[in-house]
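Consider the two complexes below, in which chain A is the common component and chain B and chain C are the respective partners.
Up next is the complex of A and B:
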């Protein structure tokens, strides 16, 4: 557990050690702030952050791979992965530690956006429930994105590929579970809809916490973490 | 070693996959959901859940809409609501058809396919009936012209004997000339069926008239022709009857409804209910649009799954004017009471008109399907408009007294009356007293208002009822303004089961005025409260519910509270909710009483000055990111 904590802290600290981390953070805040300021806080409109949560899942699509691309690719490029693996920690601890560090970065990225509900509360009287559930949804979907990015980064030393890979995976998943599902028709559409992030996040954004959705995102993350562990093992046996 | 590792990896991935899929499937199936909205916006009312849980047959709910014309938040709310319905009951399937989308046609086809499948037998019967009518018409036309020609030849030989027959023959010929060939029977041809039925009925009538006139002549040749005409008459009448006796062609109605731009359809196994798309929304007290579709959808689903919707007797003191002989609202009635009739149609409530001034007995319900098992609600709409028509007033009061004695459900409207002012009792008010209520129809609620031009007396009263836990009827209208023009206060007798549903709050500027006739006609002096004469201590109940003697009654003190100018325009959302909820409650369907629009109101962002708006926008867009970058820069400087 201590090893996981140490790896996570190292990841988080390294994210802010380079300018990239701060730029990614500022870019995310600028884009989401622009959307909230110009599209959500409309006089006469509903005092709700639901549109922000809907858009944030798209913004995270661009931001999450930028966070995850460094997780292993950087170590592979600089050759620091082998010393890490030589340390008395297993693959599981490395993977969980790195994922925890990335999620911690995600949380620090979302933390400044709490100014949005504060401003909303200053202007109107929004319902707190949907805001709480919306943030929970963002953390869960962000973690799922990071887990896919982490798997991709363990497969290549190129950070560009580590960024583009998960990005296109999610775009593909988005299309398959949206337009693709409606074109496929029954019975395939049911399975595709079940994989849809969009449908599940919608519930969080409107103030509904569904056990099925939480389980889905946790299972999704776990599955990719398992694949990452296996991918790390494969590197050892190559 | 490698093979062993590969096998281990495959097993690990397989186990992880199975565990993840199982966990998600189980959690999805568990359906554990937490609604964090304060008003339970994403939770259906317990009553609605009960209705959905009790469904024994599948219901398809289709909503066609122009999504581009609907504000984003309302579109979301509607989708959420439909989701909630389909999640709550496996019996309910919902489909939204956005008329502007590429998928609109395929979705409409899906709805139509369901309707065609469910009502295939009726459609087959319709096709058969139309084919039969076409055949009858073709045969009748040829044979009839032959008979008419023969009659005209007879008339030419002896004009005086057959003059009447000649006229009838000419009428018959005119009738035939007006009839073209019926179009081929389509799959969904309710209108064609009705047209064909009308044509054949007219031909049967013309043939009957010719038969009668020919028989009068007592001429052997004429009698022979009369027999031929009678055969034609019977053939046409039988064919017309075959068409008239059919069930409504529901699939055809679905097809017609889908051609409208925005409509809500509930398609059950045996019938279809429709509502306008606009009925899914109401205007709240602040003028904003509020989704209230839960009640409308629940009504529609209930209508197609309820075999015994109520029957409403529309009781009033005038001559019949609301419904025609087919119980269809007359144009005049629909013009003034479109909301009321729309509500009845939406809930598949049959209506009959009862005018005691014409017939003291209640109208027969024999022509209404399943009438013996359906609850009958009497709606007392209005007293005679002519205050001197005491015979009409007495007849109406007698009818009300009978309803009260028989302990039948009653929604009564009471009017201000001049009779108590001259020392006589108001017979309508007196007939309600056994219910534990005493409408003080001799009083009129007035409110003194201050205006820039001086004091003014208002005769229309508005009350916004507070939530009353435990009273389903009151809860259904809680928070919605109820407007009652010329309101009459209603006194409640203690311990009789009567309770106030809407009260006018106590105010020094409001009282029940006895001397109201002059002020209301603008002829008398401005009224002032008189403690000895007027009812000055509020609150004053103006809507009362009673369950005395086991009979449910709702009494509204004040006329025309259900008129379109109040309920159809959104001017008084409480009135519309009161009308709807009263019929539901009186019909014994407490399970359908849902929370009203007020509970669904969405908090809104207030107007902002341009400078404030700009500062908020740019603070969020640039201020926060720049601040974060500055922290980053400082961090790098400090930590190196």
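Up next is the complex of A and C:
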């Protein structure tokens, strides 16, 4: 357990020791803040953070691969995966530790945005439920994105490929479960809607905490974590 | 402490290590030598549990490196080739992180970090980012990390690779110090490296162990005992030939003129039972008895270089590379 903590802490700290971490943080805060200023704090508009959650799930498409790309790719490029694997730590501990570190970065990135509900509460009287569930949705979808990016980063030492791979997967998934599902029609549309991230996020932003949605994101993340462990094992046997 | 039994490792159709068996008793410092691609790094990566053998078994202190990989890895301090380190971390943060991976926390971790920083002379670099350190210092950080949990087995892969001569000398002296009473495997393709630090050599070539023994013993085995190099006046040649016979020696190669009226020759024992006997005294007496002056008379030990080249130049067994 402590080894997982050490790996997670190292990931989090390393994210803030490199320019990439700060650039990602600054861009996300600047873009989301800019959007909140226009769309949420509009005089006469509803006291809701739904526009912020909507834009954040889009921004996460760009942000999550930037966070996950270095998880294993950087270690493969510099050779530091070798001493890590020579330590008495199992593949599961390495994968959980790295994912936890990446999620911790996501949380520290989202933390400054808590200023938005505070400003909203100062100006109006927003419902706290949708804000809490909206943040929960962002963390869940962000974690799911990070798990896909983590799997991709085990497969290549190139951070560029490690960024582009999951980014195009997310965009593809987004299109397939949105426009694609509408165009497909029954019975395929039902299956595609069931995989949709945006519909679930919409529910969270509306204040609906659906156990099915939570289970979906947790199962999705677990599945990609398992695949990452398998990919690490395959690397050992190659 | 380390046992390899009929270990073979294949990567696809390529046989990287073929049927290697090796016993390394506790406390010995073994140099694993061989040219690039000989299978030495693959072998030690298997010992460290980083890759499993295709067949055969490896045990470290009785722990199977596949079935009990974590227990085996706990006993090993490993410095990979080129000492890969995270450039963005500070030395002490990195050591704290490595300690945590080996179960060192709190005061135990602090004491261990202080100990290895002192041992590897890293005090001046303690708070510096690893990326700003010289190669020599980075190598020391790698060594410190390998020693942090006081491993019973130390495995160092090309520990002086890429260092300048001064850093090489420093690192070798540090390794000699650190090996102490540990079992150590030092992998290198450089002879001076292992000669300076090891009491046993294992020479790999084409995925097999081609020689195994103490450095001196191996050199004698291949080169057939020591040689004597002498320089005498060209005018004394007939008496020199008599003296060589009297000392039961023989020319190993044709005598060479040095160009200033002297002749240089390399002599070896003429009988196989004379291999270990130092014949310098007998030769000096025989020359003196004939009033022959020698301006040089020295013992020339057989070189490990000749052993190494002899071993690694031998061709691969049929089918080494499929």
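Annotations
Going forward, the second predicted complex is superposed on the first by the 238 of 238 C-alpha atoms of A that agree within 3 Å, B and C clash if a C-alpha of one lies under 4 Å from a C-alpha of the other, contacts with A are read in each partner's own complex, and residues count from 1 in each chain.
In the analysis below, a contact is a pair of C-beta atoms (placed from the backbone, for glycine too) under 8 Å apart; a residue touches a chain by one contact, two chains touch by 3 or more.
Keep in mind the model is a prediction, meaning the values are calculated, not measured.
Overlay on chain A: chain B and chain C fit together in the combined arrangement.
In the superposition on chain A, contact of A:234 is made with chain B only, not with chain C. Our angle of interest has its tip at the CA centre of chain A and reaches the CA centres of chain B and chain C; in the overlay it is 170°, to the nearest 10. Looking at the shared chain after the overlay, A:29 reaches chain B, while chain C stays out of its contact range. Contacts of A:168 after superposition on the shared chain: neither chain B nor chain C is touched. In the superposed model, A:5 lies in contact with chain C only, and not with chain B. Touch criterion met: A:206 reaches chain B, while chain C stays clear of it. Touched residues of chain A were counted for both chain B and chain C, and B has more of them. By the touch criterion stated above, A:83 is placed in contact with chain C alone, chain B being left untouched.
Superposition on chain A leaves chain B and chain C with their closest Cα atoms 7 Å from each other. Shared contact residues on chain A (touching chain B in one structure, chain C in the other): 17, 237. For chain A in complex with chain B, the residues that touch the partner chain are 16-17, 19, 21-23, 25-27, 29-30, 33-34, 36-38, 41-48, 50-51, 112, 115-116, 119-120, 123-130, 132-133, 182, 194, 203, 206-212, 214-216, 219-220, 222-223, 226-227, 229-230, 233-234, 237. Against chain A, in their complex, chain B makes its touches with residues 1-2, 5, 9, 12-13, 16-17, 19-21, 23-24, 26-38, 41-42, 72-73, 76, 80, 103, 602-608, 613, 616-626, 628-629, 631-633, 635-636, 639. The touching residues of chain C, when paired with chain A in their complex, are 11, 48-52, 69-71, 73-74, 76, 78, 80, 82, 84-89, 93, 97-98, 100-103, 105, 142, 145. Partner chain C is touched in their complex by these residues of chain A: 2-3, 5-7, 9-10, 13-14, 17-18, 78-80, 82-90, 236-238.
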